[in-house]
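Please go over the structures that come below.
Okay, so subunit A shows up in both of these, paired with subunit B first and subunit C after.
Up next, the complex of A and B:
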């Protein structure tokens, strides 16, 4: 049963991943991409990793795809189609992708995976204490670094959005 | 006592008797899906009827009263009429996305419906991150609205879709944070455990002042999330025709319409589960009859739905800038302070529990 579901999800992922790079209509590619991301969430549900699945749905399907759709809505007209790439570019990209894929596949096939037979789901409590623990195996440093990065991004966004008003205010007293 | 609840168990046993395990498993899944589809359709239709009756009551009219007893079958008749209508569409629309959009909206609300604990036994999917799953799913529905607005190749629809995107993205924050405030008390995201915690007092009583503030923020943000008046700029009739679904007709329009009402039901049901004890009866008066859980759940949910309808027919529509000011300058700061207060309360054991 689980095997069938896995193959269904895998087929969906592969078909829509190819569709999203070959489609010449921009918004359609975004939708195909969202199908890929949602099916990946499905695979996380399949291995009982519910938290990561929900994160995948919120952050990728709900957040990033919505933002991409938003920007497409702003800049793209419905009758426009993306232009085809040059042949030389196509060949270069194909070579690059194949090299990447071969590295990826050799890495996967040279590693011996151990089968673990526990069906223990990770609770949010474990994740929370793991993120805040400063002992060995804790993630407090990356957590804090990422929070500083996010803060910087937020301040940057506000400065860009309000740019003109801020500089005008600063220049006034002179 | 368990007569109604053991029906599901009997069906389960019977299915496994007459079929091999794999097939029985699939048949069971299909049956559960059909039950939820039935709930979806019936709840949607009767919420539309309720809305019309409540609207009529607020405007001193009688409302639909001809079809069936006291007009009970009015919306059924409407649905049949919509089924028989022609599906029109614009010539230069992106047909694929145009047809796909209603399904995004309807599937996401159907998935959200599956996690609610209607009673102790009647819960299809008791996932250990229940509330988080609900927030995740509700963020997908907006894709359908954006798609529908863009692919109909109509300026009004496009503006409606853009407004909806802005509104949903901003108000999702408030919904998430106000639910997080309550999660601090429960210490769990699983809906059945949240109900379990409320056996010693509903959360709105346990958390007293911050809980009431969180509830108010949740109801405001929830009304905005479902795109209903006073936050209905998405389909502001006087400005945009019908907003993102201007070009939709027949059953495709009905999908959007039903999904809006089901989303309202979902928002009210989340509030019931998190703030008002889901299927628990007040003061435990019917604890010996678990079947009545469904009754209490629906009663509380419908009261909250009525509250949202009350909003709709009382307040005038906000402008876009007022809407964003409300969210980013008022609700969000209040919410952040509220979380800290709630954390302090829980830390010092100042919650009320019986």
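Up next, the complex of A and C:
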């Protein structure tokens, strides 16, 4: 049963990822991206990392996708079709990506992974304890650094996006 | 771990996802599309961290912590990128990579 669910999720991920990088309509491409992100949250649920799946759903599928949709709606006309790259460039890039993918896959399949059979369940409490522990192996320092980084990014985003009202270029009557 | 699914299959999927992201990053000429491709690449790496944690080292949680940090950094990066895109659109009325040659304030 889990096998079938996994294969369905994998198919959804790959099909919608391809659709999201090739679609000519901007808004559709963002929606396809959100399908990919939600399916990845499904994989996290399957391997029993519920907290991470919840983070994926709230931050990625909830926050980032909405942010990108906002920027699309502010910047583009909704019916606008994107300009595509030249066919020769597309083919060249596809060949390059397939070569890279084959290198990756040969490397992965020639390595003997030492899989450990387990069905441990991770609770949110374990994650929180490890994240806030200051003993060896604890992650309190990166946690604090991330909080400062988020604050700096928030202030920076506000300052950059506020900007001047309109530049001289846009005010030109022409 | 998932019944009947080995680590190889999941790593295959994340590799495919990563290279789809690279393909989009190179062929797209729109800043927002490039941002979407970057999200795909970051997500492939997040799944890799989590899968390797679960399949090879189930007794520790380092992969989960690093995934949380990657997601936080990706959120910060997206917020900044969106604000830069909107600011650029105000200045030059375009978000196409070919037309962006000014970052002057």
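Some notes on this structure:
What we mean here is this: the second predicted complex is superposed on the first by the 137 of 174 C-alpha atoms of A that agree within 3 Å, B and C clash if a C-alpha of one lies under 4 Å from a C-alpha of the other, contacts with A are read in each partner's own complex, and residues count from 1 in each chain.
In this text, contacts are C-beta pairs under 8 Å (C-beta built on N, C-alpha and C of every residue); 3 or more make two chains touch, one makes a residue touch a chain.
Remember, predicted model here, so these are calculated numbers, not experimental data.
Placing subunit B and subunit C on a common subunit A by superposition gives a fit, with no clash between them. Look at A:91: by the touch rule set out above, it reaches neither subunit B nor subunit C. In the superposition on chain A, A:61 makes contact with subunit B only, not with subunit C.
In the superposition on chain A, A:124 contacts subunit B only, with no contact to subunit C. In the superposed model, A:47 makes contact with subunit C only, not with subunit B. When the two complexes are overlaid on their common chain A, residue A:28 makes contact with subunit B while staying clear of subunit C.
When subunit B and subunit C are set side by side, the one touching more residues of subunit A is C.
Shared-chain residue A:73: touches subunit B; no touch with subunit C. Put simply, the nearest alpha carbons of subunit B and subunit C end up 13 Å apart when the two models share chain A. Residues 1, 51, 55, 63, 70, 72 of subunit A are contacted both by subunit B in one complex and by subunit C in the other. Of all the residues in subunit A, the ones that touch subunit C in their complex are 1-3, 6, 10, 13-14, 17-18, 20-22, 26, 29-30, 33, 36-37, 40, 43-44, 46-49, 51-52, 55-56, 59-60, 63-64, 67-68, 70-72, 74-76, 82-85, 89-90, 93-94, 96-98, 100-101, 104-105, 108-109, 113-120, 122, 126-127, 130-131, 137, 139, 142, 146, 149-150, 153-154, 156-158, 160-161, 163-164, 166-167, 169-170. Every residue of subunit C that touches subunit A in the complex is listed here, in rising order: 1-13, 15-24, 26-30, 32-33, 35-37, 39-40, 43, 46-47, 50-51, 54-62, 64-65, 67-69, 71-80, 82-87, 89-93, 95-96. Residue ranges of subunit B in contact with subunit A, taken from their complex: 22, 25, 92-94, 96-97, 100, 127-129, 132-133, 135-137, 139-140, 142-143, 146-147, 149-151, 153, 158, 161-162, 165, 169, 187, 189.
In the complex of the two chains, the subunit A residues touching subunit B come out as 1, 25, 27-28, 31, 34, 38, 50-51, 54-55, 57-58, 61-63, 65-66, 69-70, 72-73, 78-79, 121, 123-125.
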